[in-house]
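Consider the two complexes below, in which subunit A is the common component and subunit B and subunit C are the respective partners.
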Partner chain A sequence: MNIAVAVKVVPDDQDITVAPDRSLDSSKAHQIASEYDLNAIEAAAQLAEAEGARLVAISASNAKAGDMKVRKSILSRGPEELLMIADDAYAFADSRTTAKALAKLVGDVEGGVDLVVCGDGSADMYAGQVNVQLASVLGVPCINSVTAMRMENGALVVERTLDDVVEEIEVALPAVVGVSPDIALPRIAGMREILAAGKKPATVNDAAAAGVDTNGTVEIDSVVAPELADRKREIFDTKNDGDLDAFIDAVAGVIR
Partner chain B sequence: MDFSLTDEQQLLVESLQEYAERYFDDQSVMDMYEAHQVPAEAQDAYRDAGFPFMGLPEEVGGIPTDHVTLGLMTEKLYEFTGAMTPFMTGMLACADLAEFGTPEQAAVIMEEYEKSGQSVAALCLSEPAAGSDNMGMTCVTKKQADGSFILSGQKTWVTNGADVPYLIVIAKDEDASRDNTKMSLWLVKRETPGISTAHLTKIGQHTVPFVEVYFDDVVVTEDQRIGEAGAGWLLLMKNFEFERCLVVAQGLGLAQAAQNDAVKYAKERIAFNKPIITNPRVQDLIEENEIILQQTRHWLYYCLWKLDQGESINADIAMLKSWGTRAHVQLADNAIEIFGGLGYTEEVRVGRIWRDLRGNMLAGGTCEVMDYIAGRAIPKWYAD
Partner chain C sequence: MKAFVIAEAAEAQKDLCAGARTLADEVVLVSIGDAPQTGVADKAYHIALPEGELYENATDTVIALFDEVAPEIVLVETTPRLKIVGGRLAAHADTSVINDVAAFDGDAAESLYFGGLATMKRRPAGSVRIYSTNGSMFSEAEASGTDAVEEREFVPASNPLKLRGKREVVQEGADIGRAPIVVGAGRGFAKEEDLDLARSLAAAVRGEIACSRPIAENEKWLPKSLYIGVSGRVISPKVYFAVGISGQMQHMVGVTGADTIIAINKDANAPVFKQADYGLVADLQEVLPVLTEKLA
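Let's look at the complex of A and B:
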C-alpha cells in the first residue's frame, strides 16, 4: 500500500511584515511546513506504520520550498520520500492549479497511490479546497473533516466529525481524505529522524521541469493585510450606572 | 570561522522548542516546582524524541554528536522551558557509564529507558566533608572473605538521587584515610539493601531533587565496579570539563529566558506616559544583560569547540564557570530590577530563575575552586 500526504510549504507567518501600503513582505521569512499539514503528516504516518505502507510526501509550493532544511523537516516526521514542485507560481495558486500539480506528483509515485491525505487548509490562504479538487482531478472519492482512520478488509474506514454527528464511512480505495487538525498531534522530530531525513530521497523540480500547467482559473487582484483600526480608548466601568449596557451595545454593534 | 548552525542543528532547536511549548507552559512549570519533579509524561516525551541518547556512543544505542551540539541542545532547552530539568545530569551520568563501563553495565542505559523516560543514574560524589577536596572522602569499600565488598559511608548533594534506578558511587578502596589515593567507581542499584536517602530542600532548582544517600554495609560485587580498580577519580575527572560547560549552558539558557521576559516587559510597561524601555537607566540594565549573554555564549561555544578539537579546556572553562555563573545571577538580578516590585513576586518567573541560577555558581565546583584551578594554570601560559 502507498500513501501520499500533501504538504504546503509557506513562509513562517511570524516573519511576515506588513508595509505601510498594507502589502505583505515575506522575503525575509523562513519557509516552514504549513501548520495543519503537520497533523496530516502525523495521521498518514500512523496509518502507514500500522499498515506497513510506504508514505510519500507531495508538495506544490513556492520556489524557496526546496530549501534543504524544509525538506529535512518534512522527511524527519515520517515520510520516506518527498516529491516537490517548487515554483513561485504555487505561492498563491488557486486550489484547482495546486490540485493539478499534486495530481501529477501522485502519478509520479512508483507503484501508484492508494490514498492521499490532505490537511484541513493551508496556513496562508486556508481555502480548504485542494482535497476535493485533487479528488476530482484524480477521479476518486473524497471525504473531508476526517478525525480518525483505519484500514479494514482492504477498505479505509474513517470517522467524519460534523457539528451534530459523527459519521463512520467505509470508502474503497483509491481515495482522497481531508483530515481535521485534531486527528493526530504531530510528533516531535527526534535527532535520529532528523539525521536520517538527509539520506531520504527527495525530488524537487520547478513547474516547467515537472511538466505542469500553472495557468490558474482564478486571478488574484491583490493580497493585503486588513486595515488597522485605531484604538478607541473608551473605558467602561461597571461601577457607573448604564456602563455595562453601553459596553454590551458597543460590542454587539461591532459584531453585527 | 563559521558561526552558523547546520540544518540538523536548526531542526534540533525547533524540536526542542516544540517539546518545551508542549510540556513546559507557565502553569505546568509552576506545578513542577511545587511537586519537586518533572512529570513522567514530560520525561517520556523527552525520551521519545531521542534527546537523552544524544552524545552517547552508537554501541550503546546512542546518537553520537559533538560537544558543540550538546551545548546548544542544553542552552536551548533551558531557554525554551525557563526551568531547571534533571535531563543534563542524567545525560552526564549515562555518558560516564557508556564511556567507562563494561558492555553489560552500559546496557542498563537502554534497558531502563525502555521502561521510562526517567534518568537512569545519579552520580554520588560529594560528601559532607569532601567535594572538590576529594582526598577527604570517607566512603569506602572493604573486600570480604567471599570476594564481595562492603560499601559504607555517606554522600550528599546527589542530584536526582532518589528518583533513579541506579547510583554511580565513588568510594575509596579498602582504606578511608586521607593519604589513600585509590578510589573506584561502582554501579549500584538504588534499591539495594542498606541504601537510604533523605531529601534536602534547596532554595531553588526545585524540579531537580537533591538528596543525601546513606550506605550502611551495602554488599557490592566485582562486576559492579566501573573501570579499573583504584582509577575512579581519574575517570571522573575526564568529564569534569564538559560537565562545567553544561552548567554554564544551562545558566545561559535560563539567563536568556530572563532577558526575554525583561525586554518584553520593558516594552509593554508604561510609566510616566511611555514604555520604560525608553528610559536610559532601563536600557543600561538591558545592555549589561546583553553583554553578559553574548560574552558567555561566545566563550562557551569556544570552549565546546576546543573540546571537540581534543584540547584541554581546564582553565578556560574554570574561568568561564567562575565569571559566567556569577554574571548570570547579576543578569537575573537586573531582570528583577526591570520588573520592579512585580519581579519580587511569584507572578513572574525572573525571581525563580534568579534562585535557580545561584545554584549554578556551586554546581560542578564553586567559583573559588574554579579561580584556584585557573589561577594556577594561567601563569604557565606566559613564558618566563
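Let's look at the complex of A and C:
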C-alpha cells in the first residue's frame, strides 16, 4: 500500500510584516509546513506504520519551499520521500491549480497511490478545497473532517466529526481524505530523525520542469492588511496608585 | 443571470438566497435531505436522501441539476459537507470555489488571508463563479420568492461513500456568537483551576467564557467551540475581555468586531494593549477576584 500526504509550505505568519501601505512583506519569512498539515503527516505516518505502507509527501508550494530545513522538517516526521513542485505560481494558486499539480506528483509515485491524506485547510487560504479538487482530478472518492481512520478489509474506515454528528464512513480506495487537526498530534522529531531526513530522497522542480500548467481559475486583485479598528488604548497599571479603581470604573461604564 | 444556492441550514438558505437576489435576476435553491425553505427563491429543488444515505453522495444529482439550470453564479454555504459538494461542482465546471467570502466589491470577492492577517480580493477567471459564504454579509438583505418546490430524485453515486453509522453530538459550551459580553482566557492561565476566575468574572458580568486556541487545542481545558480566532470562532460582542491573552493577530482577528476590548495582562508590552480600549497591567490571579466582586 502506498500513501501520499499533501503538505503546503507557507511563510511563517509570525515573520510576515505589514508595510505602511498595508501590503504584506513575506520576503524575510521562514518557510514552514502549514500548521494543520503537520497533523495530517502524523495521521498518515501512523496509518502507514500500522499497515506497513510506504508514505510519500507531496507538495505544490512557493519557490522557497524546497529549502533544506523545510524538507527535513517534513521528512523527519515519517514520509520516506518528498516530491515537490516549488514555484511562486503556487504561493497564491487556486485550489484547482494546486490540485492539478498534486495530481501530477501522485502520478509520479512509483507503484501508484492508494490514499492521499490532506490537512483540513492551509494556514494561508484555509479553503479546504484542494482535497476535493484533487479527488475530482484523480476521479476518486473524497471525505473531509476526518478525526480517525483505519483500514478494514481493503477499505478505509473513517470517523468523520461535524458540529452536531459523528459519522462512520467506509471509503473505497483509492481515495483522498481531509483530516481535522484533532486526528493526531504532530510528533517532535529527534536528532536521529532529522539527520536521517537529510538522506531521504527529495525531488524538487519548478512548474516548467515538472510539466504542470499554472494557468489559474481565480485571479487575485489585491492582498492587503485590514485597517484595524481604532481603539482607545487607555492602559492602567496596578503598580500605580488609583489605577485599579480607575480601570474598574471604566469597565463598569461599558458593561452597564 | 441565474444564481444557484446550495445551503444546509434554514437560516443560511434564506440569507444566501437573499444575497443571490442582489447578484442575479433568478434565484434557484437546492436543498439536500431536508425540505428547502420556501418564499426565498424563484424555484427550489429538493433532493430527498434515501434512508441511511450520506449527504455527499447527492453530489452527482446536484451536478446534473447544475448542468440543467446552467447558472452563472453559485453560492454555497461554508460547511464541511458543502465543501465537498461545492468543490466537486467547481471541478466539474473547471473552476475553484472562492471560499469564505465576507463581502463583494463588484465582481471581486473578499476573503481572509492567513485568517485575517490580510484581506484578499479574488475573482473567478472563467464564466461560472462559485463562492462559499456563511451568509452573514447578507443578513440585512430581503429574501423573496415563490413556494414552488420541485422534487428531484436522488441518483446513486457511481463510487459512493458508505455511511456505516452515526451518533449525534451534544453541543458543548454556550453559543458565544450571540453573547453580548465574552471573557476570553489565554495562556496567562497557568492552571486549569484558574479558569474558575474567568468563569466567575463572566458570571458577574452576565457574559460567557471563551478562550484562545492553546487553551482549547493544546490544553483541552475548554471545548473547541469556545475558541476564538483563525479557524476558530469570529465574534462581535459588545464587550470582549481578553484575559491572559498576548494579543497575537491569530486570536485578535476573531474579535475585531467587538465594540469594546478590555485587556488584562501582566506583561505591559503585550501586543494586546495596542488593540484594547481599556487595558490593565496586572496579575490575573490577584485582579480577577477584585474585578468580579466590584462588577457583580
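Throughout what follows, the second predicted complex is superposed on the first by the 231 of 256 C-alpha atoms of A that agree within 3 Å, B and C clash if a C-alpha of one lies under 4 Å from a C-alpha of the other, contacts with A are read in each partner's own complex, and residues count from 1 in each chain.
Criterion: a residue touches a chain if its C-beta (ideal position, glycine included) is under 8 Å from a C-beta of that chain, and two chains touch if they have at least 3 such contacts.
Everything numeric in this text was worked out from a predicted model, so none of it was measured.
Student: In this superposed model, does subunit C or subunit B come into contact with more residues of subunit A?
Tutor: It is C that touches the greater number of subunit A residues.
Student: Which holds for A:Ile16: it touches subunit B only (first), subunit C only (second), both, or neither?
Tutor: So A:Ile16 only meets subunit C here.
Student: Between subunit B (first) and subunit C (second), which, if any, makes contact with A:Asp164: first, second, both or neither?
Tutor: The answer is second: A:Asp164 touches subunit C but not subunit B.
Student: Pick one for A:Gly190: touches subunit B only (first), subunit C only (second), both, or neither.
Tutor: Only subunit B; A:Gly190 stays clear of subunit C.
Student: Can A:Lys69 be said to touch subunit B (first), subunit C (second), both, or neither?
Tutor: Touch partner of A:Lys69: subunit B, not subunit C.
Student: Which of the two partners, first being subunit B and second being subunit C, lies in contact with A:Val224: first, second, both, or neither?
Tutor: It touches subunit C, and subunit B stays clear.
Student: Using the superposition on A, tell me which residues of subunit A are in contact with subunit B and, in the other complex, with subunit C.
Tutor: The overlap between the subunit B and subunit C interfaces on subunit A is empty, containing no residue.
Student: Show which residues of subunit B lie in contact with subunit A when the two form their complex.
Tutor: Interface residues on the subunit B side: 7-8, 10-12, 14-15, 18-19, 22, 45, 48-51, 53-54, 63, 65.
Student: Which of the residues in subunit C come into contact with subunit A in the complex?
Tutor: Interface residues on the subunit C side: 54, 56, 79-81, 83-84, 86-88, 90-92, 94-100, 108, 111-126, 159-169, 171, 181, 205, 217, 224-225, 230-231, 238-239, 249-250, 256, 259-262, 268, 273-283, 286-287, 290-291, 294-295.
Student: Which stretch or stretches of subunit A touch subunit B in the complex?
Tutor: 68-69, 72-73, 76, 186, 188-195, 197-198
Student: Taking the complex as given, what residues does subunit A use to touch subunit C?
Tutor: The touching residues are 13, 16, 18, 22, 24, 36, 92, 94-97, 99, 121, 123-129, 131-133, 135-137, 140-145, 157, 161-172, 181-182, 216-226, 228-229, 231-239, 243-244, 247-248, 250-252, 254-255.
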